[in-house]
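Following this message is one structure expressed as structure tokens.
Chain naming follows the written order as A, B, C and D, and within any one chain the residues start at number 1.
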């Protein structure tokens, strides 16, 4: 195992809305090593995006607040950094790709200008070098005829191309950590494969660590080294990718895997998880998954499980397994 | 882009033509315009003479074509009260109104946009609360009351500014604030809400992820994107200001077109009323046209259409 | 109107609602509530400042009429104008918007061109010109403001209709063989009611301001009937007697403010964007 | 029961592209659906896959008669659908229903659930009030919702439950064919499985036929007996789903399958990454529409348009390079 690049310890991020406090991230811990890809899996609203926005300290202001925990990046706690210091980290050391390529580019500026912005604010480059760098970035993400593309606007491009431009922006300063928030859900199947391949290649070239947020175990199987499964603001299971696929321990992980139709085998019925995810504003006592768990026991409804290591590097938060 | 501009200019001409037609028919649909012009004690002979003089004895379609043709070459007929061409009367009064309107517009834009932007940067913060109350109050005060209140405090009580008339810069202050008051309030609200909308978008999150400074995020990206709805409102506000100038000019005895219009209403100066409405509408439509063209320069999606 | 739960009622602007109720009561029972006859003048007691004579708590005007009574009775004109204008303008605007948005094609082009033309004439200008043509009377003011007011409804509701027409539930209704009338009545209309209510509430303020502006210019409801705008117009010659302008002005502001606050609250409650998420 | 329930023959849909300042003039045609033919067997599921803009949704709209057909015909239950005859049309419309992708937009927010489900019955005018009420509670039970849901408004339900309501509505008149246009792609994984299972159970119980339109290959493969692959308005390959998965013949199908995500990290299939993107359906490439991105295109591919032909039993491909 390599050196730890990012370590999140007991992170708590709450959303203070008019209807009350929502515990969007409730005691999440995980770490990412250099060069490693961590998959953060969960359904919508489980807190995976909020976790990553917390790392960048870009929570919706003033609704989202980090109320506890530590985020240690390269041996420094990011929570102790000022906004000005954070700005030097964003885009340069940690960067992020958002889900929807159609809305993540400013429609009123040329793509050249949008790629230039992070370079300009983090590096001192003169004009000709800046232009060279932009073209280099466009080539890196395999955009054809980059010299001409510089002057074009986002609306002149297809979704797949836009997402590659977003990639070029995020990667323009060679960050140490890239957070990709469901970068391919809005793309078509073949374009999705193109983009994933591209990300993998660039990751190897740059020696970059990556957090891949997704709801799809297929993507995890394809690109991740380790996985953390999130459910209602907590990590319920985390393991190496093979370990997790071969021996899923948490009932939620098992159910989620069974719920996916598979190409390779014929299944009569998919496993389903009954009911709905709980309302994060009013969590019942006990395990958050208890109400939907097929293997629920009496104790699950009153005691909260804690994450504990079962095998080497395989942690799970379930009272039954422990 | 050229096609877009041509299309806009064409549409503007169509609208001006339709406005002219609308004015013509509105004036006649409710009855004989002669009723308005003539007083009760005039004789039948006076009626016939007047009718002939104004061309109202011709069939309606001829009246219409004459009217349109007249408007086209800038001939709105003669004012009944002053017995001069309407157009030259209006041209004499127009500069005063334009001066007032432009000052009011500047006043409302400068304050409205800055208060609105500051409010949007910290929703529910101190500035936002102040901005909200301010906008709500502003939109609820009829401008004639604002004018009277301003005169009462600044002209009568403290005597800082003159009560009425056109003259130096001091004369301009109270009327501009009065006229711009309402539009400033709506501009504040509009800026706030469209800024909030834009700040909520994904590409703004992306600019922050890039590590850009807050000044760049707000002034470069958010502001340019929020400009489009703000400009739309701004061009609509010119209409409100042109209309509001009638009241403001009455309160402050400002020698502009608005007062001319009120005078012509009371003296039943029928051709002059028509001319006033058409000219102000044309100014309004022209400004909307300019704003439409500006969109093209801001938004590449329109430019490359 | 459907309120999902009590929590949504919580932030209801109580003071606005209370004030509007008082406004309605004054509008309906004005003449019997007013302590004195609003038109009864007596020059011997003209221009009494407020809070000095117990009989005239808000003072008297230049003709010696009681300001409080005039304000109470003035509510009637504003109320009648508001209700009638909202009714007429709202119905015309909604019907035309439904036609325009749902039928589309030439009907849409014609209606929207008329709306654009109306909106190209500055509001106050066309109001004054119409007022001059129609001659001032309560009835004519209502006609005039209705002619002007429908365009706002038409524009906004047409947009809504287009949006709803494009939604999947209307497509499904078509697949199920619903007739055009059924879709209009059962699917489109119920979904624009919210917008209609919000627009109407927000229009109250605009109508009161325009009506009083016209009265102020002497083009509104003719004297001696008390109207708020007219009272302000009278006050101009007696500008140093501050109470003549302050009280009617405050009344107009409070009424308009209440309506705007209520409208704003309704918008927050009913806006589908706010609710669906 | 067996036999063909729906046959689509040479279906075409062209959208004119208009441009002009005042007078519109036609400057081109978007060939959204260009000459496709397929058959669906009674009680089976036919899956239509392809990427966005390939014309699969337009095909659904044509079958639902939401768009005018430019050319071609639809034969349903042995009868040719004539858009002129009202009686036939009503019968056809009653036997073909649809479920759409977005569970939020497909239920009117101002109607109660009971009213939504009952609407097709109310419109058809062949049911009494009592029958309708009974049928609504049967349907609610069938899709696994509580009978009290009847009186609630859609916003009180989650996405998955809303999709159940949409399915109940589609089933109201006992249709023979239901068109499922991306029925699960807007839902979360755990909910997705619920709806997929529900749809399969209903098919087993009621014998209804599905035309499933989706971009997710695994879902289509799991649900369908036969699959058609579309590319840029054309059907490029039609086969039984197992056969298609085991032996894809058309290069586009091969690329599509290889791009599908594995269900286990140890599965490492050969990756075919297509270069470029789907060309615009306005001015599609001449010859085979796929030749611009095809990895083994030959000269003939850019000249001649391949036709869909049967290469083995129940397996049709449109490719020059597949010799029988």
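Here is the rule we go by: a contact is a pair of C-beta atoms (placed from the backbone, for glycine too) under 8 Å apart; a residue touches a chain by one contact, two chains touch by 3 or more.
Just so we're clear, the structure is a prediction, and the values are computed from it rather than from any experiment.
Undergrad: Could you tell me which chain lies farthest from chain D when each chain's centre is the average position of its Cα atoms?
TA: B
Undergrad: For the interfaces B-C and C-D, which has the higher count of C-beta pairs in contact?
TA: Taking the two pairs in turn, the one with more contacts turns out to be B-C.
Undergrad: State, to the nearest whole Å, the distance from the C-alpha centre of chain B to the C-alpha centre of chain C.
TA: 21
Undergrad: Rounded to the nearest whole Å, what is the centre-to-centre distance of chain A and chain C, using the mean of the C-alpha atoms as each centre?
TA: Chain centroid spacing, chain A to chain C, equals 51 Å.
Undergrad: Hey, what residues on chain A touch two or more of the other chains?
TA: As it turns out, chain A has no residue touching two or more other chains.
Undergrad: Indicate the residues of chain B shared as contacts by at least two other chains.
TA: Not one residue in chain B touches at least two other chains.
Undergrad: At least two other chains touched by the same residue of chain C: list those residues.
TA: none
Undergrad: Under the stated contact criterion, what part of chain A meets chain D in this complex?
TA: 43-44, 158, 160-161, 188-194, 197, 215-222, 241-242, 245, 255-256, 258-264, 266-267, 269-274, 276
Undergrad: Note which residues of chain B are touching chain C in the complex, please.
TA: 14-16, 18-19, 22-23, 26-27, 30, 33, 36, 136-137, 139-145, 148-149, 151-152, 156, 163, 239-240, 242-244, 246-247, 250-251, 261-262, 265-266, 268, 273-274, 276-277, 280-281, 284-285, 288
Undergrad: Please name which positions on chain D make contact with chain C in the complex.
TA: Going by the criterion above, the answer is residues 64, 66, 90, 93-94, 96-98, 100-102, 104-111, 116, 119-120, 123-124, 153, 155, 166, 169.
Undergrad: Going by the contact rule at the top, pick out the chain B residues touching chain A in the complex.
TA: Listed in rising order, the residues are 122-124, 201-203, 205-213, 216, 221, 224-225, 298-301, 304.
Undergrad: Where on chain C does chain D make contact in their complex?
TA: 2, 4, 167-169, 171-179, 182, 186-187, 190-191, 193, 272, 275-276
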